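Chain nomenclature is as follows: A, B and C, assigned in order of appearance, with residue numbering initiated at 1 for each chain independently.
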Amino acid sequence: MQGFAPPNKDNPNPPNHNDQLGKDTMLRASLTPLKSLTRLLPARGHTSAGASTLAPVLALATGAWFVAGSPALAEVDSEVAHIFNTFSFLVCGALVMFMAAGFAMLEAGLVRSKNVATICLKNIALYAVAGILFYVIGYSIMYPGDAWLTGSLEYLGFSNAGLLYNATDADVADLATGYSISSDWFFQMVFVATAASVVSGTIAERTKLWSFMVFVVVLTAIIYPIQGSWTWGGGWLADLGFSDFAGSTIVHSVGGWAALVGALMVGPRLGKFSGKKINALPGSSMPLATLGTFILWLGWFGFNGGSVLALGSADAATDMSIVFVNTNLAAAGGVVAAMITAQIWFGKVDLTMALNGALAGLVSITAGPDLSNHLLSIIIGAIGGSLCVASVVVLERLRIDDVVGAISVHLVCGIWGTLAVGIFGSGDLGVQIVGILAIGAFVSIASLIAWFVINTMMGLRVSAEDEVAGLDEAEVGLQAYPEFGKNSF
Amino acid sequence: MQGFAPPNKDNPNPPNHNDQLGKDTMLRASLTPLKSLTRLLPARGHTSAGASTLAPVLALATGAWFVAGSPALAEVDSEVAHIFNTFSFLVCGALVMFMAAGFAMLEAGLVRSKNVATICLKNIALYAVAGILFYVIGYSIMYPGDAWLTGSLEYLGFSNAGLLYNATDADVADLATGYSISSDWFFQMVFVATAASVVSGTIAERTKLWSFMVFVVVLTAIIYPIQGSWTWGGGWLADLGFSDFAGSTIVHSVGGWAALVGALMVGPRLGKFSGKKINALPGSSMPLATLGTFILWLGWFGFNGGSVLALGSADAATDMSIVFVNTNLAAAGGVVAAMITAQIWFGKVDLTMALNGALAGLVSITAGPDLSNHLLSIIIGAIGGSLCVASVVVLERLRIDDVVGAISVHLVCGIWGTLAVGIFGSGDLGVQIVGILAIGAFVSIASLIAWFVINTMMGLRVSAEDEVAGLDEAEVGLQAYPEFGKNSF
Amino acid sequence: MQGFAPPNKDNPNPPNHNDQLGKDTMLRASLTPLKSLTRLLPARGHTSAGASTLAPVLALATGAWFVAGSPALAEVDSEVAHIFNTFSFLVCGALVMFMAAGFAMLEAGLVRSKNVATICLKNIALYAVAGILFYVIGYSIMYPGDAWLTGSLEYLGFSNAGLLYNATDADVADLATGYSISSDWFFQMVFVATAASVVSGTIAERTKLWSFMVFVVVLTAIIYPIQGSWTWGGGWLADLGFSDFAGSTIVHSVGGWAALVGALMVGPRLGKFSGKKINALPGSSMPLATLGTFILWLGWFGFNGGSVLALGSADAATDMSIVFVNTNLAAAGGVVAAMITAQIWFGKVDLTMALNGALAGLVSITAGPDLSNHLLSIIIGAIGGSLCVASVVVLERLRIDDVVGAISVHLVCGIWGTLAVGIFGSGDLGVQIVGILAIGAFVSIASLIAWFVINTMMGLRVSAEDEVAGLDEAEVGLQAYPEFGKNSF
């Protein structure tokens, strides 16, 4: 790209003095770190074609005001923009990483004490495995670039530069890309871990540890990256115009579909359903579940805010701010709606409904947190919160045992949020439905095959005896609360 | 202000090429995001008057060295400064948001297990409600701007641009303002939530959920914003020169006054005082209380550091660094002083005293964390830590039942910290006292009216039967620890 | 250094207009905030010597590609670089500060319920004391500068400018330094707190509170800063070329040696070893231990990432990104290796092994997280994870009672990580061994003296009676879980 020529040594600041065309290129420079959009370009030097491909996608992905308001700005030096973009990925990525702790605490609080250590182990193990697998193979599949095989080989450590696969001119490539490739990898990696975290809660308290870990390998190395490549990797859904800002569908519903299929395969917990009766199996620690929810809420600022994928211009910073505000308002709407729904429906406000209401609001806004109408965010979140409460009730009536309500939160609200972009936002409703169905069908079928093979090879479910005793004894060999739990006395 | 003219499209970078005067204007551009100070100006174009109003306020708010040292610097491009200012609001705001989790854990650890789920619910609900109410009405009241009614209508969603109420030229206005308005909203919103969080702990274990929520609505939509407008909104206390950097009075003591009036209205818990005897009702989980304190300490870096309200110059970054150091040292001083006071006074170091000592130190430094003498921060924090221990004892003797010690931490140390700015810092002691009294009187009376009306309409206190059984059973319909608590066996 | 001359007021931006030499100097300007490297220079104006000293050290510390790729970049204005560097210290420092909460939760989860409140108190108290002592004396010892006594006196509050010891021209000095000195202090302070946190876990459940606090004073005011000055303060180990990026040896093994000596001095807990039998004394809360581990993992991004000590250039941002990726992959490798080792060795995956595996991986990569080969990070972390499991077993056989496994995690893996830089990285293996031995010998002997004196003066160990009853009763006067623990019923 012309605007990306290395700054002239005698005149270090030429891009600032360019004509309108030059400024437009600068603008793209600070915008291009949109999820690997630059990788769509057959070669990074072919600006004119690239730019014309890019422009409408940008408009779709970021809302009309974003591009419209830009020409007046974009005075930011390309290296400064690079630092901002990179640091944004790192800070936001760290917040999303912390969501792994949020899921761990939420799930530890919502399972019974005899299974708490196991769910903790699953959560830290899945985060570790997701990171390694996304490094070894997932990222290459999701963002194929010009030559993913080569890239993959190099980044397995066989080149000197590791992840920076254009090794010889890594830094220059970097500056042209607009951000450090490693920071982008970090940010994308924490997303795949989120998808895997969704699964662990639903099928808790009866699924074998190592069987679950094998599923995590399949999900994070293959299933997630393949569907992710369709949109964020620049595949056919991106071409259609499917709009999913931070992953209501691409991350949350993917975890939700995998969880739903898993729940159907592994069956309900012993004692959950007896005849027509649905038994509550209360979670062991409400404050841990609350802490987990707050941590997830915090992490979601990184999840949605970082998905602006740029901080190198006033426009990008404004966009990120709008995303923060909408994310918070949607979660707040979800809490209030879930509380009111529960109060009206059940006569009491179940704390777990309020917590899931927050998460429901967050998932619901994730597909379109860049809305410029904040009131709409509250409404979208509130609808999500109510939907989640209803979904929890419906799933129980359908005899689907979802221990923590993850299907209601991540799948149902993931679908709702993606539709909302078609209804209220810049997305085309038809395309949104195509995306939801395509990803849903692919992930369901792929998960079904994976769960089936795992079940056949090593079994999915612990024995009834182990389930009654608790997985901590059977699988982890210790108790979560050796001095408090019923088993201890 | 002249320096704030929208960047010329043909010559996008003129401020960098200005003479010394131009640079001074640039400097102000990167400093102006002081809490809505720009909104004091009747109209943003009237520079000369605005600038002369601004200068002394800046000097007051930030310490003399801040302005004095500036002329040599301020080479930062206005768009880059905009990004820094905005990102600072977002990162610091996220840290303050996490304080909601800190309050939740602190309070969950300090109430008895039969009330833990209720206090968790109150904390997530109050954060949600505070956010919505501050969006719908509070922010407009606190920062009236030229025409708050119009602003408010637009930002209720009736304009396309939502919060960005100068819709048609939102981005340009943004760059002139020096930060994204949405990021400022986010940062201000988390402060009102903090004030509300203070209240929930004091009146825990006997107050009705929905009555408390109605009070949160009144506090966050009306009481907090009105008094906040007096200083941060550019009202009469700002004109007097009242100095409260990050809100010892404006945030913490406001929560503390509301809590005190609430505690008097709702009365002590059953069994707290029997005849002359004061009974300890020990909290259910010390590690959760400790976690909550650490989270609050972390969040306070955002609370005080973000209140520099700028990061777009080396001066601002230095200021933020000094604030971080002072904040940490004051908290450390509070811990050590509370431990020593407790050891001498009671012969043992009660953990809860050390925890409250940390918070006491933090509240104490909040009015003046920009002190250039760090040793003074330790002393101010240590005095706060000792005061807090003494206050806990005195309040108990006065038969005021404050479950978590929030009145001692947030009201007593809030007053102390505000006075300290008059004693050691740049504030005028007389004016500081006027501010403390005015805000105290207003918040107490307004809270009294609110609590009284709520009590009359729907009752404040649960029945004695429900209180004995625990609010979790009565109000939330589940147990926080169904497998451990005394009730469970 | 020429490039460091205070900005000329009449020509505020000359570095941007320099020739190639000038830009190289600029580049160093944005790189120099490597841990106090600038302080190695006898006086900051002596550029040519300084620069030639600096270059090879930079190459060593950051890997060859880092410097090689740089000349094309470095267009960042010095004030903008200053802001980036400073903000990086603050954000990363806040993450490291939060590690104090991580240690508190990890240790609270791994001790028995009767000692939980005490370990919480020790953790918040040690963080407070470490901060004050490092302010009062430690920092001066560690980073002597030209005249540490003067510096120290000024920064004890006897000058107006506190920490900014070049008081009269603080801001100018600041800009030349490349970052706010206060932000650097904050970042260094949280490291010393980490070293102290390591100690508390090992000797938990039998060590007196106030005796431990006295040791913390000695460790943070004297022992840690003296050995730290050898490398990061520009002493003889730096001259030799000892390479310890973020402190595998300088922080973690220092805590580990102090803990080992303490464990030997204070002896094992009652009931841990009976004859030949080794008894498990299971920790009270696995979810808190898990939470603590996740918080530490999060904080480690600040610990290692912030140790790049710069963010003011695309190179620095890229370096930080690479550090984030390697840090995460090493931790992931540690988890997986520990799980597999435990599964093979014990037939079950003990959760505590997986948690310590994560920390082991993190400590192992801390000496060299700037590796450009990411696969190697997984391997280094995995070896650390396995080593840690083995070390836990060996230490128990040696009758050394380490309650939380901190010696295995921080000392054993700290040594391993430091060696790994000599084996795989840019360090010289011989020099690495010299550094490990020198620091190990010094810290062990100094700790031995300190523990011995403390033991003689005030006793280290509580009475057997108090130990059986629990330290919470004896030392803190309350119970951590008054309603749940065995003692409560």
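Basically, a contact is a pair of C-beta atoms (placed from the backbone, for glycine too) under 8 Å apart; a residue touches a chain by one contact, two chains touch by 3 or more.
Quick caveat, the model's predicted, so the values are computed rather than measured.
A.B. asks: Rounded to a multiple of 5, how large is the rotation, in degrees, that superposes the C-alpha trace of subunit A on subunit B?
C.D. replies: A turn of 120 degrees brings the C-alpha atoms of subunit A onto subunit B.
A.B. asks: At the subunit A/subunit C interface, shared numbers over all numbers used: above half (same) or below half (different)?
C.D. replies: different
A.B. asks: Measuring centre to centre with CA averages, how many angstrom lie between subunit A and subunit C?
C.D. replies: Distance between chain centres, rounded to whole Å: 31 Å.
A.B. asks: Could you check subunit C for residues that touch two or more other chains and list them?
C.D. replies: 77, 80, 91, 285, 291, 481, 484, 489
A.B. asks: Please give the residue numbers of subunit B that touch subunit C in the complex, ascending.
C.D. replies: 16, 23, 65, 69-77, 80, 84, 88, 91, 95, 112-113, 282-287, 289-291, 293-295, 297-298, 301-302, 305, 311-318, 320-322, 324-325, 328-329, 331-336, 339, 346, 348-352, 354-355, 358, 371-376, 378, 481, 484-486, 489
A.B. asks: In the complex, go through subunit C and note every residue touching subunit B.
C.D. replies: Spelled out, the residues of subunit C in touch with subunit B are 6-7, 9, 12-13, 77-80, 82-83, 86-87, 89-91, 93-94, 97-98, 100-101, 104-105, 108-109, 116-118, 120-121, 123-125, 127-129, 131-132, 135, 155-157, 160-164, 170-172, 174-175, 180-183, 185-186, 189, 209, 285, 288, 291, 472, 475-484, 488-489.
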